[in-house]
Amino acid sequence: MRVSVYITPKAGVLDPQGQAVLGSLHSLGYTEVADVRIGKYIVLELEGADPAQVEARVQEMCSRLLANPIIEDFRFEAGS
Amino acid sequence: MRVSVYITPKAGVLDPQGQAVLGSLHSLGYTEVADVRIGKYIVLELEGADPAQVEARVQEMCSRLLANPIIEDFRFEAGS
Amino acid sequence: MRFGVVVFPGSNCDADCYYVIKEVLAQEVYYVWHQETDLSPYDCVVLPGGFSYGDYLRCGAIARFSPVMESVRGFAAAGGLVIGICNGFQILAEAGLLPGALLRNTTLRFICRYVDLRVENTGTPWTNSVDRKVLRIPIAHNEGNFVADEETLDRLNREGRVLLRYSDPEGNITAEANPNGAAQNIAGIASENFNVLGLMPHPERCSEDILGHTDGLTIWRSVVNHFERGN
Amino acid sequence: MEAAKPVSELYADLGLTSSEFEDIKRVLGREPSAVELGMFSLMWSEHCSYKSSKEALKMLPTQGPWVLQGPGENAGIIDIGDGLAVAFKMESHNHPSAVEPYQGAATGIGGIVRDIFTMGARPIACLDPLRFGSLDKQRTRFLLGGVVAGIAGYGNCLGIPTVAGDLYFDACYDENPLINVMCVGIMPVRRIIKGAAATPGEAVILFRNRTGRDGIGGASVLASQEFDETSEAKRPSVQVGDPFTEKLLIEASLEMLDAGLLVGLSDLGAAGISCALSETAAKGGVGMAVHADRVPLREDMEPFEIMISESQERMLAVCEPAKAAAVIEICERWGLKATQIGEVIPGDKLEIYWKGEKVVDVPASSLADGPVYSRESARPQYLDRVAAADLSTVEHPSDLNDVLMRLVASPNLCSRHWVWEQYDHMVQLNTVVYPGSDAAVLRVKGTGKGLALSVDGNGRYCYLDPYTGAQIAVVEAARNVIASGAVPAAITNCLNFGNPERPDIFWQFIRAVEGMSDACRALDLPVVSGNVSFYNESFGEAIHPTPVIGMVGVLPDIEKRVGIGFQSQDDLIVLLGETLPELGGSEYLKVIHGLTEGRPPGVDLAKERAVQAVCREAIEQGFILSAHDCSEGGLAVTLIDSCWATGLGATLRVETDLAPAEWMFSESQSRFVVTLKKMDLPRLQEIARAQVGVPVEVLGWVGGKHLVINDWIAMHLEKSREAWRTALENILA
């Protein structure tokens, strides 16, 4: 089973990387871009078929290891 | 308009970070995880309403700046 | 000989390269701001180490779009000498002036220490004065893990464009001697015409006795030698 | 903050006492507004006001003909000749790093680096004294990894080499690690600038990052309260660092100063804009009128939040109005947003406007000069117990090779290269002696001079006796610098303690300051800057009292530098100083016997001064081939360090009345191990005779592949070195 995890900087937390990319996009002429936030996209391949159980486990992995709850939010979904 | 961009390490390109995270997940007891790939999740806020045009522009941003075709694949979709 | 050291926002080895060229090599040297586009005064352009644009997104990804890089492309195409050290190498790779890409070190840690490097080709503008098989030069990077597809690697090898490989002190290419996971222990490569060099180690950091090692000087001397012999 | 709550109820939430609230009302002659109250709560917090420590710190010597700036500015400054000055300071980022190790440590570097270039100096080195809990705890390993990566991530990006530091592990830091950071900068004397406004009409310009909600209340919430279960809830106070922007700030600021554009320059650290404005105004004896709505924001914020946000990488410049355009232009060339947010006004008023309405109207000095407390102090009871320990009954193991092996592979004594190889310690081409020696040595380009830098502070000694422990921190730092060939010039410090409202903790604090002060006076060392970090407690348990000293020494001639490594076959190995049976507080007792007891090694300041003078003079005369200070682990560890550094062994024939373990592992102070050619021994003896109480004892000679001490130790260098080198990474793996 494949689970996709999306990790984003928490709202209000500085995202210097996003800001630098925004600046670069503007100077390349993509002035229609108003904001950029950069996070992580993690694809997990797991054994286990029971979706409820997988979900509980991934939830745990995210909050313990994959995301840094102090500065990041996460969500995930089965499939990629 | 919001566009989500997903950037993943190309198949065949080593993903040292993914391997390290896989190792940590195993040592934390999540042995059901068979593979981890870590990429980027970029959220763009853009002005512009014509989906076809936005798509063309984002395609260009991705291949010029956001992803490096030698090591990365990308895809994107409207909404987040 | 006249050098131009490019300054990107976030470059931090610009002053070091400038210092060595001026004070140790006793050559003419100028800073080139990333927004400048005229490279005609220079005989060699240096893309120094550092964290251009914070190395955000990917190392070198944003810097490659600086106005100066368009000129560097033309300068290189016309046969001008271009050396990219560390972040400079990453920028050259992102810009497509050198093949391949530099991924995160397999240790996932920044590494700053001396490494041994076997010199694979001494018939180039960058290595003609190297008089020993193995050089000792420091690295300092987080993304020095060189990758390229098989075909590219074959071609680099065939054409003698791999100039430096991580080795042990005797020159053996071993897995233990590879600090960052680079394919085939590659530490430095040249362009087809050998006028563009990208390397992860920092020759400017070991070009004076007081800093403990002077192997880096052999690379700088090679460039000057190449130039003075009339290319 | 709920604006609805009346200020008379709000003050306690903000950490102010009722008497402080009364004081504020008295100063203003009315009730403060909510915005004003927020500003007072930060500026009067322990972290910003030093209200508990101010009195005690007056004990410290701060003067010297070479001191250009003592405590009170962003950093201290000394004159090193040739028209050059060196600025330096140490700071703590303990609580932010305990909450989020990477960002906490990274922003710690960001803050201390700003303190240095704010004075006009180009930062040339960082140092990172670190203390963590026991390494067998998962949390410790997580914190260590994150902190080191954070320091690396920020410092490396700035292109400032991290050249030295230290690293201790002790269970007392399990929940409350100490992340201290020091920065050193260099400048032409004429570029020194202070954080003061001067004349009404001057422009007040804010530049760099936009302001967001980062670290709202960080100073008061995180730095001035102990840790407990509610810490988790305080997490939004964590700031995220942007080293790229900071690098641009350094370049832009130094360019403005070189162009003579500025009257004052200040960074926005703890307490953010409130602190920068009130201090800049108060120091210049003027007022300021500032429009909070002109502050560039990342998100919608209340004026209250704007005034106390701790968003990183922001600077405040004050300049003549005619020069404002030039200041803004330099910022823009570096890609930095700059905005004039107000101007200097006569009088002492700090006035803040929000959309035309005055929301703050307070005397600037009232914010900057917080309350001062004399806290109660009482000798802690545990001291009787630990001092009474009878160490003469400790049974020394018979296999001393095994003991030495265990010691050198133990967390506090094993190699730290896992840490410093993550730091760029070479950039700027000044680092002549790398981490791994007694002190890092940097050259000063354009002169024949060098700087020697070291940080020291043993919390265990201070726990056993804060007075002596603090003295040791000073004298050891001085010895490290001397052993490198430098003359100690001045110190900075970071004083890490528990809750000062507890009499036993406050007693530790006072005793430590007394010890530091006496040692500094004896060695003619002014204290030019420093930092106090209180409330280092968790669940009611305080850390060991941990004063950390940062020392700067000057090498008049860098060619006379000396390393710790043995140089050549048959060189004589000589001990300067005396080894006493002082195992109290030693690594030997801790690692081999599991004891934290006894009295720490004694310090005789006259003897210390004498032995330092001898070592210094001998190095100056040029015949000393290697020098190494004796510290944790004792003589055996000092000797094997010197062997490993260059791969040369040593054979020692020792005569002593002490037990072998005492001789080898006692941590007696005031000792150096030096090597020299046999023919130079009389010169050394003569130098020593000119001082009182400096024994010169020939221990043996350099050579071979082993360290051999009598029939106690016969250790193969290569094998033992591998164990020492890989211990930390093996534990972390």
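Each chain carries a letter (A, B, C and D) given by its place in the written order, and its residues are counted from 1.
The working rule: a contact is a pair of C-beta atoms (placed from the backbone, for glycine too) under 8 Å apart; a residue touches a chain by one contact, two chains touch by 3 or more.
Worth saying up front: this structure is predicted, and the values here are computed from it rather than measured.
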Note: of the two pairs A-D and A-C, more contacts are counted for A-D
So how far apart, in whole Å, are chain A and chain C when each is placed at the average of its C-alpha atoms? 34
When the C-alpha atoms of chain A and chain B are each averaged to a single point, how far apart are the two points in Å? 9
Centroid from C-alpha atoms only, then distance chain B to chain D, rounded to Å. What do you get? 41
Touching two or more other chains - residue numbers and ranges from chain A: 16, 20-21, 24, 28, 38
Give the residues of chain D touching no fewer than two other chains, as numbers and ranges. 242, 244-245, 335
What are the residues of chain C that contact at least two other chains? 53-54, 56-57, 62, 65
Those chain pairs meeting the touch criterion are A-B, A-C, A-D, B-C, C-D
If you look only at chain B, which of its residues touch chain A in the complex? 6-8, 18, 21, 24-25, 28, 30, 32-48, 57, 61, 64-66
Residue numbers on chain C that touch chain D, as the complex places them: 9-10, 12-13, 15-16, 19-20, 49-51, 53-56, 109-113, 138, 140, 142, 202, 204-205, 208, 210-212
Interface with chain D, chain A side, in the complex: residues 9, 11-16, 19-20, 23, 68-71
Can you list the chain D residues touching chain A in their complex? 99-100, 103, 209, 212-214, 235-236, 238-242, 244-245, 298-299, 311-312, 335
Provide the residue numbers of chain C that touch chain B in the complex, in ascending order. 57-58, 61-62, 65, 94, 100-101, 103-106, 108, 145, 147-149, 181
